[in-house]
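Got some structures for you, see below.
One chain, subunit A, appears in both complexes that follow, with subunit B as partner in the first and subunit C in the second.
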Partner chain A sequence: MGRYLIKRLLETIPLLIVVSFVVFLFIRLIPGDPARLVAGVDATIEEVELLREYMGLNKPILIQYVDYIKGILTGDLGTSLKTGDAVANMLLPRYKPTILLAFSSMGWALIIGLTIGIFSAVFRGRWPDYIGMLVAVIGISLPSFWTGLMLMQLFSVNLRWLPTGGLETWKSFIMPSITLGAGIMAMIARFSRSEMIETLRNDYIRTARAKGLNEFEVITRHALRNSMVQVMTVIGLQFGFLLGGSVVVESVFSLPGLGRLLIDSINFRDYTVIQAELMIFSFQFIMINLIVDVLYGVMNPKIRYD
Partner chain B sequence: MNNNSPFRIFVKKFTARKTSVAALIYILFLLMLVLSGEVLAPYGAHEFDYQSLLQLPSARHLFGTDEFGRDILSRVMVGARLSLTVSLSAVTFAALSGTVLGLLSGYFGGLPDRIMMRICDVMFSFPDIILAIAIVAILGPGLENVLIAVAIFGIPSFARIMRGSMLSLKQNLYVEAARSIGVKNSSIIFKHIFPGAFSSLIVNYTMRIGTAILSAASLSFLGMGAKPTDAEWGAMLSTGRDYIGRAPHVAFFPGLAILLTVLAFNLLGDGLRDALDPKIK
Partner chain C sequence: MKMKHITALVLASALVLAGCGGNAGQTATQTSAGGPAAEGTQAPSDAPAGTGAATDSGNGRNLVIAVNNNFITLDTHASRDSLTNSVNEIMYESLVRYDDDLNLVPNLAERYEISDDALVYTFKLKEGITFHDGELLTAEVVKANIDRVMNPDKALRQARTFSYAEEINILDDYTLEVKLRQPYMAFLSRLEAFRIISPAALENEDKLPKNPVGTGQFRFVEWVEGDHMTVEKNPDWRNADQIQVDTITFKFVPENGTRVAMLETGEADIIYPMPNEMVSKIEANSDLVLEVRDSTVCRYVTMNQNVEPFDDVRVRQALNYAIDKDAFIAVVKGGYGNKLNSAMSPVLPYYVEHEEYAYNIEKAKELLTEAGYPDGFEATIWGNTESETVRGMNFIEQQLSLIGVKLNVMPLEEGTLSTKVYDTTPETTELQMWYVSWSAMDPDNAIRSTFHSEMYPPTGANTNYYKNLTLDEAINNGNASTAFEQQYQYYKIAQDEIWNDAVWVFMGVDQSLLAMNSRVTGAKLSSSGSGVDLKEVGLK
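And now, the complex of A and B:
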């Protein structure tokens, strides 16, 4: 197990380095002079030159990259071009809404998705299966920005049950998490159904039935347990996408999270913030994938010893 | 044609699934709108009518009117062209380049294969929409750039799938035989191996169109894609957002069009997957 863990960790390091280099290049890929971009159109040539020196743009690109990474490792993500604040300080308060949104979405998506998946597999080819899979395919196809607006119209404007946005109460998270979780719920339902169907075909399920266990026990104690390894992998991977999907949902509901900040920064061309956000989103995604892989290895010895 | 020909079996399996057939009919209807939306629409997509602003759906305007009095049904019909062509072209580009890259790297292996797979790893390190947003942030807003962004993030998924198919198919005896009689590599790849990988390509292609429509519409909704004046579903929804509360139909219908279209492509993909899978009887 130790060896597998070390191998996966070692594989991740070069990926992190390359991804961070790509994100570092981001500000340099934008057409035009980065120093002029930061200084603004009104700045004099001297000011632009001073800024170029300050930003280290005269140094070789690799040295600039090393300086940038050194900064990140000491918690310095640069300063916002718009407000002049430290980017790290701008990002920290944005984590809470995004994380809360991700967990609340995943929570309900998991419960409903698994329930639908199990029912569909057990009643395969009958009406609970058809209804379950129809719900799932609609869930995957829903445009989250539209679902969000329609929920807002119904529950905030017509019924006045829930707030349209903001962070005031826990109620503020209900509609955003329904919106964000719908697609994930559908993925979990579809995947857990096909996994359960595969598992239910196994000989040990037939044995369990033959020895007189009732169907509920066969499903919960034998089939579900064995399907869960694969299902957990999908759930883990979806978690990474959830963090990405929050960009749209936070914009719809004006939630002051990381996703909303990314869109605001793009609108204000605040490139240092965009760069820091891209770095965070990709690192989170890579780390989640690593954790999922390692957990998969822990739960599935076949993978670990390959 | 004999009753057991692969095509007959495919048609029989595909038509057994009513939802997929309905999806196919709906997609054909959409393609008709793409070609001749302006002719079929009851009003012009850019026809202003200041006497009937934000009207609710009625017999005259089945989907109601928007903030400039334009007929929403006509805009949804004409909007099929922009919304679908962007996604279809992006996915087609991704499919072509991803397929060629995947087949070549799977067939030849070695250093180019390793480099390509690492590039895919890097691209898979960003959630789809974040990668698209980053590309649009670099290139600037606009539908052409949305097309490029959606195309780029689609490439690795095709490359991986085709590489996987190539790795398993190239072990076959007929490939070995072709090689031993001196058939050129390009013929082996595209004439002998590619047809075997075609079914996974077509299923992924259909499924990716749904994702592409959603991504392109998301980018337009966030103000990075189509211009607010364009008859494009995402952009229409984005303007409709300002009228939630007063005139929800302005956002409802373009969104419904997106939902139904993505749903149709997903159902078609499901149907094709089952019909092309020899394990499913």
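And now, the complex of A and C:
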């Protein structure tokens, strides 16, 4: 296992180098000139040129790339083309709301999703199954934008139970995490249901029942662990996306997370911020995939790497 | 036994959520160095325990305003957007300011004089004015500010204010003169946006984007990136007893619906901008007040005169006659707007009214036939992807279809649009029609870049590719004149030319909307119509 881990970690290095180059190149291929966008429509061409020089965009592309790589290796993510602030200063404060939102959304999606999945599998074909799958379909069909605003109208404006957003209290995360978690919950529900159904068909389940274990123990002690592989995959992928922020939920609930920062930066072609964010997202994704792969082995000893 | 595990898991998750949330509450009030921590108001039922710190005064009049975007930089010399100006305007001051009628009056300057040849501006500063950090405002300080922005290596937005400045001279401690290379009628107007930064803060340039030190009514407290910014009353301001709130908190709320909800729940006292499609919610609520103001924003369609058939004035006039401007305001602007009968907004003192191109389909068809297009023609119209813009373009497309003009509506993402419009030459540009707006507070800024024949992209914004030497001369003469009456005559000639040549399809002038709680006093839209003027705001 140790060797496997080291091999995987080493593989991430060339992967990250490729990602850095692709990101760097592609954002510069998109039409749109950061100097012009930041300078504004009534800027003279001299001003735009001066700004472009100041932003370092006149240097040869390769030099810009080398500066960028050097920066990453020394921990200097550069300065934002739009605000003039250090990119790290812009990114760090936005991690907290993003991570809190990611964990809270994933948390309740997992709890509710697994519960629904198990009940649906155990009572397959009967009404708990139908209700469960109905809930799942609703969860994945409702657009988050609509769900968010509807929840806000009900719980903030009409009932005054919850704040409309912002970072002030933990209550600010209730509606956003419900909105964001709904789709994930649906996926977990469906995947865990189908895997559980498969698992429950196995001989060792019959053995467990024959041994005299009650149904609850059979499910939780034996069936659950073996049904988690697909669920782990979903969790891993979704968590990777969640750590990139969620533009819609962040906008609706005024949460200053990484998603909004990315969209704002793209609109202004703020290359330095976009590059930094995408590199970090890639790195996060790679690491999460690695963790999930390792967890497969933990969950199900049949999946091992030597 | 397993039940215990599941229960433990559920409880643990609940604890984690509660614990995480608690952290969020506390770190949201990191303060800047110095200055007491100030809390924005929250919904009455929801004040978090333990996070409040003492506010400056016992009254605790804390105003909350929700705006649609982050502030970008508090370095007022670099700031380019009108939203950030709403806060920069109350922390910093300039030598002159606009009064309610868009006239320039002295502010940090006690008085100013302009020489007869319009080349020398002399400013006598008010004495005894201090910055938030205690530094004194003197002529040296103003010169240091000017030197900074005039340095081309810094690529600061305010450089263009002094683009014609040749020499800055200190005449005594409180008097300085600016000598221009050539007359520049908009100089004073540009100075209004040039705010003075404390000399001590200028020495720490890197910190300026987040460390504003000015002479204004309010001083900086904290800025939690992306979430909110708080300022507090400056007790040392020269008219401090006129300041009627203790703190102002700006919250960044991009979503229209959320902002309106905050006003309804009381989480915000003011919201800007107020989306016009939700006005009915404000009107239905007796605690809420709507303010509407004519702005400097003109909305129009440019037509590339290097491309047929837009080179023919009859075609351009026909398009003007073919569009029902009243319907445009009702359908696209939700009823909030006025007709545009010149090349600049009526709020400018230099505005000249013209007889409108009244809605007349028959006349439009006649003109088209005269010009040789009895069956109309086809063209492409660009615009950005905002929903109101797309609605506007669809409206225009429908209107023009009635006279046989077939439009291909092409919404483009802002960055891409900017490249296609500005990063081209007259020979390579693909622009035919462009539905867009322009905003300016002085006549030179209103028409030079958009109509002068030397301002074709990429040099300027004359996307009409309009060449009229009479107009060019009028603009140049207007700029060089010193007295209002003279300037007015030249700008009248300019506006008449543009109007008679139907250079634009003149759609309308925007109105800005501000919505607030009826407890708020003295908050208004700024005289230009973009941004909020909080200098005299108060809470009942």
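One rule holds for everything that comes next: the second predicted complex is superposed on the first by the 253 of 306 C-alpha atoms of A that agree within 3 Å, B and C clash if a C-alpha of one lies under 4 Å from a C-alpha of the other, contacts with A are read in each partner's own complex, and residues count from 1 in each chain.
FYI, a residue touches a chain if its C-beta (ideal position, glycine included) is under 8 Å from a C-beta of that chain, and two chains touch if they have at least 3 such contacts.
Predicted model only: the values in this text are computed from it and were never measured.
Legend: residue contacts after superposition of the two complexes on their common chain; A:Ile140 is shown touching subunit B, with no touch to subunit C.
By the touch criterion defined above, A:Gln153 lies against subunit B and subunit C together after alignment on the C-alpha atoms of chain A.
Within the superposed three-chain model, A:Arg124 lies out of touch with both subunit B and subunit C [touch as defined at top]. Judged by the touch definition given at the top, the superposed model places A:Asn267 against both subunit B and subunit C.
When the two complexes are superposed, the chain touching more residues of subunit A, out of subunit B and subunit C, is C.
Look at A:Lys82: by the touch rule set out above, it reaches subunit C but stays clear of subunit B.
Of the two partner chains placed by the overlay, only subunit C lies in contact with A:Glu47; subunit B stays clear of it.
Judged by the touch definition given at the top, the superposed model places A:Ser251 against both subunit B and subunit C.
Once chain A of one complex is fitted onto chain A of the other, the partner contacts of A:Arg8 are absent, as it touches neither subunit B nor subunit C.
Of the two partner chains placed around the shared chain by superposition, subunit C is the only one that A:Gly166 touches, whereas subunit B remains out of contact. For the contact definition in use here, the residues of subunit A common to its subunit B contact set and its subunit C contact set are 30, 149, 152-153, 157, 251-252, 266-267.
On subunit C, the positions that touch subunit A within their shared complex are 2-3, 5-6, 9-10, 13, 16-18, 20-25, 27-28, 42-43, 45-46, 48, 51, 70, 72-73, 75, 78, 80, 152-155, 157, 159-160, 209-210, 224-228, 251-255, 257-258, 261-262, 264-265, 267, 413-416, 418-420, 422-423, 438, 440, 445, 449, 458-461. Within the complex formed with subunit B, the residues of subunit A that make contact are 15, 18-19, 22, 26, 29-30, 134, 137-138, 140-146, 149-150, 152-153, 157, 240-241, 243-245, 247-248, 251-252, 262-263, 266-267, 274, 278, 281-282, 285-286. The touching residues of subunit A, counted against subunit C in their complex, run 30-33, 36-45, 47-48, 50-51, 53-54, 82-85, 89-90, 93-94, 96-97, 100, 103-104, 107-108, 111, 149, 152-153, 156-157, 160, 163-173, 216-217, 220-221, 251-254, 256-257, 260-261, 264, 266-269. Of all the residues in subunit B, the ones that touch subunit A in their complex are 19, 118, 121-122, 125-130, 133-134, 136-138, 210, 214, 217-218, 221-224, 237-238, 240-241, 244-245, 248, 251-252, 255-256, 258-259, 262-263, 266-267, 270.
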